[in-house]
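Data first, discussion second: the structure below is written as structure tokens.
Order of writing sets the chain letters: A, B and C. Residues in each chain are counted from 1.
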């Protein structure tokens, strides 16, 4: 072998090699970055779609005289959430510097017009685009607000409700979410809530519960010691809304893996998809069977809420359970709905769409159930209690302040005639005469 | 050149190189694995969305007194399919060991609580996550059941229908699908059915046909030798359902490529998307023109079913045809619907939503048309016949067994008053008075 | 060190290295190709979904007697667009050879049955699959036609409308779009329209405006110097349609980045998603506040159209603005809608769904606003004027030709009874009596 001609090539190889290895590593990082960003974008548009799901579910479960109002509230609350979360929420939730370490982020980020780091240079994250992260996280904030609107339907005034949404999406949700997802004190305490059974769903449920207590039940709902059922006007819309939410939940839970750049991550996302689907199915079947057994007839709205409760239940830990574990988790969620809807009525808390059983009660169940996998019951209870107390108390104060100033409830006559005519001057179905 | 200092570097290079090359190959495999898994996840959620499409289509095409029932059946059947396919279906369809080689998988997989390999170690597939594959395949099983519910609407009892769904999604579909997609005898025989014109759609259609024969037509549908049209209550919902199904079909056909890790695969998926869209468009336009020519007026429900028939037709081979070939395939599907809907009425087979023309007849057409590309007419006919006979006969037996035991049809009075009140005690549109 | 054994390995390494480096580059290109193709596919199915959004929006905003007709027109126009864009449109829009350099592509591409290059060999693009590009671009063509159908609702005959769609999707849209996106004279002139505020939305609006002028207003809309509001029959559907369009717009704007293979591209797509969402939210909130201030009551249809106008406004430049810039752009879009809907009524131009304010006026605003970033006001004005004049004049000629031959308007009695019965012989909601 004559080394004379080979040596220069070999030397070049020896020099090129380290840079090639570096290029290889960098290429892998780039690919991973794109995958994870894509995950946030797909997850984000799926969770966006849940806003339509809430709108359809709630529009289907109120009486036709209040449908236009319910639609207005839903598109308005999403839009307000999008603006408030940009203006203050995102900065509070993922604080660069805490105002109070681990407890309160810098809400004076409001003074900057571009507080969320979506500047030309994308420097804040190294595993995915900041823009995609903002887009994805924003949808969770909006979801929290969507939960509230259903409970308070058919008697709340438009603008006071929207003012509450401003506070909820700008302050309440971002603050409590920062405790866990922003690296605050709850995450230090060992609390675990994968995609937000408590941080999103129970939080929304607590805000709704505070509102329902202050607002009072609809006229005629509880009369002479009896509970009068007030059927929804369009169960096709309600079913459509449930399917939309179910679809969106794949993004809600799946993209909460927050990474798709490795085989392990994408396999985890797959498990999450399968588990999420199983929990929803189990919640629906549990409600199907239980309403048949208890009432002798299947109740469609219970089946819909059963599926949703299954989804909420699995949200705190959609990765660790087996499919059978997911089935059990979701089925318990479905049972909770069937058993607690009448319970709320006994307490004369009027929750028009069943959002408190679905999001609050099943959310608590799902969050507790995480301890079957982590063993840390204390941390789970601590998290639920801390978030519950904070959201409930602050919400209560805001609702009371609104009630004491602008008022939150429409007049009796307006409630009887329907909020559509009273507050909007238009009807959702002007040509269909009422039976 | 002094080799003294270069030699160690060169030696290191020579040693590092094979591992670098291996790392390069491995990185490519990892990327491919993520892409294909992502394909299953996206395809899976799109096909999930078809469940909502069927629900809306069917809710729109039944009378308002049966809408809540139709919605209940649709969300229940999907949920049951999700559980049954996990419990037994997936194990039967992709057998590790056959009970009867090529014909029957191990349904005693039921004894294991985690039969589908979704364990912590992901070992069963090397090109994509098992969880994603399970999630995707499950949606096809559920689709088969969705097809049945439309045909039998407005007179079948809830629970007997759901028992049939248990058998269909747990046994009938997985067994016949294993023959082809599980590597069974039909795949050995050269049968070709890319995404399931026969395995899913015609199979669902055969099950529906058996049910329609045993169940009999709705009261008043065929009277004094005349066919009385019974218009659907909400064509907006029916149209929405069709658009949902059309959207979901991109996942149904596109992700059936089962690979997205190479340029060739993603280009194939693109062709499938374009061809699928063209076939649907052609089916709609064919029905549009034909109903205008035949009846002097365009029939919207025929146009909707024409689009769906175009989609079913292209499902057996969405990759090989040119766009023009896809146009022809889909257009024939549209024509089949327009011509065979009246044919079924002549036979007094009452198919409420036209699922048999759309899924069975167009499914057979699409499966036969594959032979234009493969040349193997015998294998296509064999596959259709085998699956048809198996699904039809077993379904017939199950329907007869149900009829002979619990009964499958509601009473006359209940049918006249509507299944919503009779079976559920609730109405889908309680406030809208009937014209 | 004994070089004797190492030298052959080193030599092999030196030889292997260049091919390894090439393989590394090629792998990166492959990955990039798959990502960009996937972007087109996801973007394409999201924009497809907008066809359902338009159908629901328009079905909700017409009276119930015209709903089936509106649904028919929407599914038919999409299907026709799919066929015409394949048959001639795509070849005109992306000309291999121009008939008139920069101005007119080869519409004799019609003579070939496979004009779009979707042959077995994928040679026409090197960064993404041609099939995916065709699929994505087709959806934009269909969107242009969707815009027209809403304006002309409730009085136009079905077939003349569909003939117009044939011309619009086969010729008008592809020709004007080729000027910019096909590399024609407008792109040379420095015009900038990222995703089509003018090329798609204003173009559709100009075609609709021409039609509305020729067609005249609905009976009773303008009477005795007064404007009579004609409320839509189903605001739940209209809201659903708006949410669907909002969702689809992420694909519309995001995938118009036309590349997802690098960190820079996917970060840009993320910014586009966030900006698009912000503009929609701001448009909705602007209309919410403005209708409250101006009329004392919030107007839901204005809020819906405000969101859509926000989306149209940001479409010409969804990447350059900050979130605050996007908020301003979208909010102005929302204001435009609220101010120009009454303006059109003063001119007795009857635009049933408000498509001209939303797509034409907000589209012009969005296209002009690009100059805040490019500084080139002249080019923006030139582009709007050129496309506006071309689309408006050609559309006017086609509408006049249709009016002078087959007629475009139904008879008075048919309009009063509704187009559903008159043109289709079926009703969308046959069981719901009219109030």
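Keep in mind that, in the parts below, a contact is a pair of C-beta atoms (placed from the backbone, for glycine too) under 8 Å apart; a residue touches a chain by one contact, two chains touch by 3 or more.
Values in this document were obtained by computation on a predicted structure and should not be read as measured data.
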item	value
Superposition of chain A upon chain B: rotation angle, C-alpha, nearest 5 degrees	120
Chain copies touching (chain A, chain C) - same or different residues, decided at half shared	different
Averaged-CA centre spacing for the pair chain C and chain A, given as whole angstrom	31
Chain C: positions in contact with at least two other chains	3, 10, 13, 17, 20, 24, 27, 31, 38, 42, 234, 240, 429, 432-433
Chain C residues touching chain B - in the complex, by the definition given at the top	1, 3, 6, 9-10, 12-13, 16-17, 20, 23-24, 27, 30-31, 33-34, 37-38, 40-42, 44-45, 48-49, 51-52, 55-56, 59-60, 67-68, 71-72, 74-76, 78-80, 82-83, 86, 113-114, 116, 118-119, 122, 129-132, 134-135, 138, 158-159, 234, 237, 240, 423-433
Residues of chain A defined as touching chain B within the complex	3, 7-8, 10-11, 13-15, 17, 20-21, 24, 27-28, 31, 35, 38, 42, 46, 63-64, 231-236, 239-240, 242-244, 246-247, 250, 254, 260-263, 266-267, 269-271, 273-274, 277-278, 280-282, 284-285, 288, 292, 295, 297-301, 303-304, 307, 322-324, 327, 429, 432-435
